[in-house]
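Read the structure below first, then the notes.
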Amino acid sequence: MNGSGRITLNAGIEKAWDVLLDPQALKNCIMGCAKLETVEENKYEAVLSIGIAAVKGKYESTIEVADVQKPNHYKLIVKGEGGPGSVEATGAVDLVPIDENKTELNYTYDAEVGGKVAMVGQRMLNGVAKLIIQDFFKKFNKELEKSEQSV
Amino acid sequence: MSKVVGKRVTRVEDKRLLTGQGKYIDDIGTPPNTAHVAILRSPYPHANIVSIDYSEALKIPGVKGVVTGKDVQPLLNPFGVGVSAPVEYYPIAIDKVRYVGEPVAVVVAKNRYIAEDALEKIKVKYKTLEPLVDIERALEEGSPVLHENVGSNIANHRTFHYGDVDKAFQQADRIIKHRFHFPKYSATPVETYGIIAQYEISSDSYTVHANFHGPFILHSIMAGALKIPSNRLRIIIPKDIGGSYGIKAGIYPYIVLCSVVSRLVGCPVKWIEDRQEHLAASSSCTDRVTYIEAAVKNDGKVLGLKMKIIDNVGAYIRAPEPACLYRNHANTTGAYDIPNLMIDAYAVMTNKLPTGLIRGYGGQETYFPLERIMQMIADELEMDPADVIRRNLIKKEQFPYKTASGGVYDSGDYEKAFDLLLKTGKYEEFRKKQMEARKKGKLLGVGLAVIVEPSGSNMGYITIALTPEERRAGLPKSGCTEAATISMDPMGNVNVRISTTPSGQGHETVASQIVSEVLGIPYDKINIVAELDTATSAWSIASGSYSSRFASLGSSAVYYAAQKVKRKLIKIAAHFLQTDEGDLTIENGQIVSKKDPAKSLSIKRVVGTAHWNPLSLPEGMEPGIYETAYYTAQAEPPDDNDLINSSITYGFVADLVTVEIDPETGEIHILDYYTVHDAGRLLNPLIVDGQILGGLVHGLGGAMYEELVYDDKGQFLTGSFMDYLCPTAPEIPKITIKHIETPSPITPLGAKGLGEGNTMSAPVVIANAVNDALKPYGVTIDSLPVTPNKVWNMINRSIKQGGLS
Amino acid sequence: MKPGKFDYYCPKTVDEALAILEEVGFDGKIIAGGQSLVPIMNMRLSTPECLIDINQLKDLQFIEFDGSKMKIGALTRQTEIEMSDAVQKHLGLLSEAVPYIGHVQTRNRGTFGGSLVHADPTAEIPLSLMALGGTLHIASKDEVREVNVEDFFVTYLTTDIMPNELLTEIHIPVQEGRTGYSFHEISRRHGDFALVASACQLSIDSQDRISKVRLVLGGVDAVPLLITEANELMKGEDLSDSLLNKIADIVDEMVDPESDLHATADYRRHLAKKLAVRTVKSAYERARGENNECS
Amino acid sequence: MSVHDIEVIINGKQYQERVESRMLLSDFLRETCGLTGTHVGCEHGVCGACTIHLNGSAVRSCLIFAVQVDGQEITTVEGLTKDGELTLLQRNFIQCHGLQCGFCTPGILMSTTDYLQKNPNPTVQEIKEMLSGHLCRCTGYEGIIKAIQKTIDERSKNYEAERR
């Protein structure tokens, strides 16, 4: 499944970039991210507890930041495995400055869900994937605001 | 022979099944200390197994063991397969997984709940590989290769030329061609696979109970895989099987797996497949791409056909595949007199579930392009499809008809059956209605399809996968053997042992009918033993309930066994009554002289003598009454020109379907489904119509609902009955069945097999009807299932392109 | 397919149930009919640590009419709704929608409240309730709060209910006067999840102008979608072709469907427009008393 | 709280058993009580093979835990016949060839028996809708529908006859 979207960030491009690639912010923005450890530069191991209603799962994941072109573009590659199934997702993020305090963020994603949850849950998967991704960027905007305040 | 056979007799099986006393695999109990199996399956379509860590699983109380591919490999050979490509197929992945659902590890535990707890604790590391999903991509250079040692994804490739195809295409006024795609779908009996397997170390032997509806034919492959003499693998089939429709032949890898797991863990094991496993990892029909080209005269006569057929057999070619590709080889040209035929046949492997038998086996894949192209010919020539069909139908005088590819159609009157169809379905009237409806913007459509229904497979047909040279190196295969044993006890009661492992077809009833009639004894003196045991049943390689073989073959074996018993009874009676055998007849339990009716002996007396007083029997006669009859019909191996009569009998089915389509939503409403059958002599019309309806509804499923769907990355998406859609009662249209009977000259009772015909015809006839309704939009249906969404897409696309709105 | 282990509680009173919920918190899961929950438990997609069975809370199993509104207990079985004369009389829309849920054998066990809390975006009961309007009574150990149905559904399978809370009853206002309703859905087979479903209840004045209307679509978003703009637009209007066209345009604008293997997003969008129009039309006709039989 | 003692009346007979809370009612009936007439076909509530009566209502036994039926009453297909005498519906299944492999049959009998008690005169469409909760891959449903219709006809005739 794949999709794309666009949001406007309330920060300049440099600022947005820094927060986007900050592991702590990453942890705060990824739904259900209980643990995020840096393995090497731009590579993390994470435990994600993602649940929609009664369908809850713990996913042991690797998160990789690739194709970094500061401050305009990077890719986020997430691979996870857990009880309900497996996920391999690639998201591409492109930042375009609007003005000093505003940046446009465009994203595309391509996610492949495997295992039990894909075999029986296909009816909801597209919607749920979209939900998780939208949730990520919604939280990210909050993170930006938080860091603005803390500056 | 007109007293019971041919009557609508109710079934002897029913009472036990209606009261919950059926004896299915899950009802027969288990040996002491039996443990339960759960299988860990691959979530990936294509990946290397890096490591498997099951240490945590073993810590769960109640877990008796965990077995992986590496554990079983030393004990097994790869399964034998009937193609020359060196595909190594084991019942569990060894170091690589090739489809979603492939077994990776087996847990054995006290019960299934605990076994599934343990599955969650097994950690498998995979390295994913690029998946291959598309059929035609499998043929391309540079596509991912599933089996490195094979070097490509082609498991089998053969080309056949029959008649003079080039000339036919030169003489044609037009060449009409199209590409068709038939989907992968399943059979989903309500009872899933079930196995109880026990290894006995003292004799190095395996005893397996399983709901396999024809174990003989794959027995040698299983014994070969287990590396044991074949008589050390005893397979016992319970009396009741909860449906199969072919798919339970796919159980045999699991029989081998459970057997070897029992050996490794050291206790009997039981595995009842669950529904998700069944959908993802049992078996299915092939999905097939066909490029078909017809050489056509302007009057609609088809001079010749060229077909490129690509069958997708899934991740491993698994015996009896590539049989799907060749099962209908003799009847590739269907009900038509088309003497020139070229077939370029491929079986390819992709990252999907391996395939095998399901109801219709290859027929639906064959007739979908054939009957679609016949309708396209009519459209192209602006003829009525009925006229194109009639122009090409084999004539009554031509029987027995030899097909281009070697088939011998035993009997038929196709024109009569087709005329009856058009009359019953009020074809002309509907065409008028359709015209009127179109004026009002309503979409009515009518589809036609005529097919030949092969039954009783010739064991030789599978070897057509090999070249004549390759075939010469092996043992030729022919025939279609079936066996039955009839014994009588001293009280004159009868036990009939059949080998046909029924799964709902009423074999017990029909066998009772035949024995009752031949021996002149009432039902209540006859007991049918439907359990099969490879150690004690008469060994007949082809036995089982597949390829609609009971009516043509199983019943014949019963008939001949009954005749043997009858001859012996009469011989004994003639000896005592001092008359000729020809003078005696059986009436109401008595053996009576025709010349002098006062001279008679009761059957009971005769049988009693055979048991209690053997010394009084005619000289040289063996004591007891215990007769086994083997039966095969004439079915030769393929010849050096690749001519093969792949079946014993060939029935005929003609369908007419009318539909109405909601142009706003694309919803399809089937108004009427008419089907005319000629299955030779009908043994029990009650059972016959039940078989036809079941097959038809399965075909309707393939046409409109059922598909095992994989996404373009090989992920399996239809793992539950919420997404794999079987037709339910409200989806079934009004169905009208008519019969004509042209008896088969081949079988003793004149019967032909049936029950698969409409599974073959329904997908295409419904597609034809829908396409006919959508004719104003100029669309062509070339894939299935036809769903409202697809119909709407076609309408919408056509409107956007400026077609009718 | 066997469920994982869980602890089982079977409270006999609502208070007892609420006390247990308070104690187990996020680890608990309430089971009512279980017709959606147990399948995913059997598949081990859901592995709750505690299951709180509310089937013994007979106090939550009722259908009452108090003169202005219907009160339905959360544990009322779907079959009871289907068979209820009071529901048929006062909440015809619900009577019409319930037979579309699954099958009679699942409706015999499945509950009214369970369907609401499960919050499947294509489900018939959430959709109908959204069209009828109403309040949900949600109890916890310390309080009972009332939530309007408009605020209840959050996203896929997610509602406003917290882990320590229990849906107890639902109050639905009964419309007087010239009222019409209609429910339509398109599904692959009878009893399947709807590809798109549409529900509408409306009232008209003596001049046949629409005075009140709620059109809701299911299967086109993460929650049952109230087509507010269309509902606003219709007020005070006669039903005309141009109005219906405008409704279709608004639906086109508002819905955000997803693709799955049974229907593409485009097809769902198309069906949403067609069904919205069909539903409004037949509800209107019914209100005018033109066609009481249509649905 | 993961093991429980339960008491349940099945086909008029009392069973006292200790069950794990996660044990499905279908498994309890088959494994613990030996009532193998209740079949398991999908374990997610679609195929209908496991349908039984719980307190007089047809429900899926694969979607209920055994522990939930403590103190309640169950009827399975084994409880339909009295003294080996088939019910009218069962007899009509034989007459109309309403079964082939018989695996789905017990569930269909249970649903239909309950349904006809509550809806003595359903239309064909209503019968089909009731049957939509069952998968049968053998019969194409026609024999089943005929058997049900015949039962309805004969019952109403008997009723008429009694009234006269």
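Which chain is which? They are A, B, C and D, in the order written, and residues in each are numbered from 1.
As a convention for this text, contacts are C-beta pairs under 8 Å (C-beta built on N, C-alpha and C of every residue); 3 or more make two chains touch, one makes a residue touch a chain.
Keep in mind the model is a prediction, meaning the values are calculated, not measured.
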Item to check | Common touching chains of chain C and chain B | outcome: A, D
Item to check | Chain-chain pair with the highest tally of contacting C-beta pairs | outcome: B-D
Checklist entry - Between chain A and chain D, what's the gap in Å when you average each chain's C-alpha atoms? => result 50
Checklist outcome for this item: CA centroids of chain C and chain D: separation to the nearest Å works out as 29
Checklist entry - Approximately how many whole Å separate the CA-defined centres of chain A and chain C? => result 33
Item to check | Touching two or more other chains - residue numbers and ranges from chain D | outcome: 20, 22, 43-44, 128-129, 132-133
Checklist entry - So which stretches of chain A touch two or more other chains? => result 83, 116, 120, 122-123
Next on the checklist: Could you pull out the residues of chain B that touch at least 2 other chains?
Outcome noted: 113, 120, 274-276, 717-718, 720, 722-723, 728, 730
Next on the checklist: Going by the touch definition at the top, which pairs of chains touch each other?
Outcome noted: A-B, A-C, B-C, B-D, C-D
Checklist outcome for this item: Per the touch rule, the chain A residues reaching chain C in their complex are 52-57, 83-84, 116-117, 120-128, 130-131
Item to check | Touching residues on chain C, where the partner in the complex is chain A | outcome: 29, 37, 40-41, 43-48, 118-119, 121, 155-158, 193, 222, 258-262
Item to check | Parts of chain B lying in touch with chain D, wherever the complex brings them together | outcome: 10-11, 13-15, 17-22, 24, 26-27, 113, 187-192, 240-243, 245, 272, 274-275, 503-506, 686-687, 689-691, 693-698, 720-722, 726, 728-730, 732, 735
Checklist entry - Mind pulling up the chain A residues that touch chain B in the complex? => result 81, 83, 85-86, 88, 112-116, 118-120, 122-123
Item to check | Residues of chain D that touch chain B when the two form their complex | outcome: 20, 22-23, 30, 35-44, 46-47, 49, 76-78, 80-81, 86, 90, 93-95, 97, 99-106, 109, 125, 127-129, 131-145
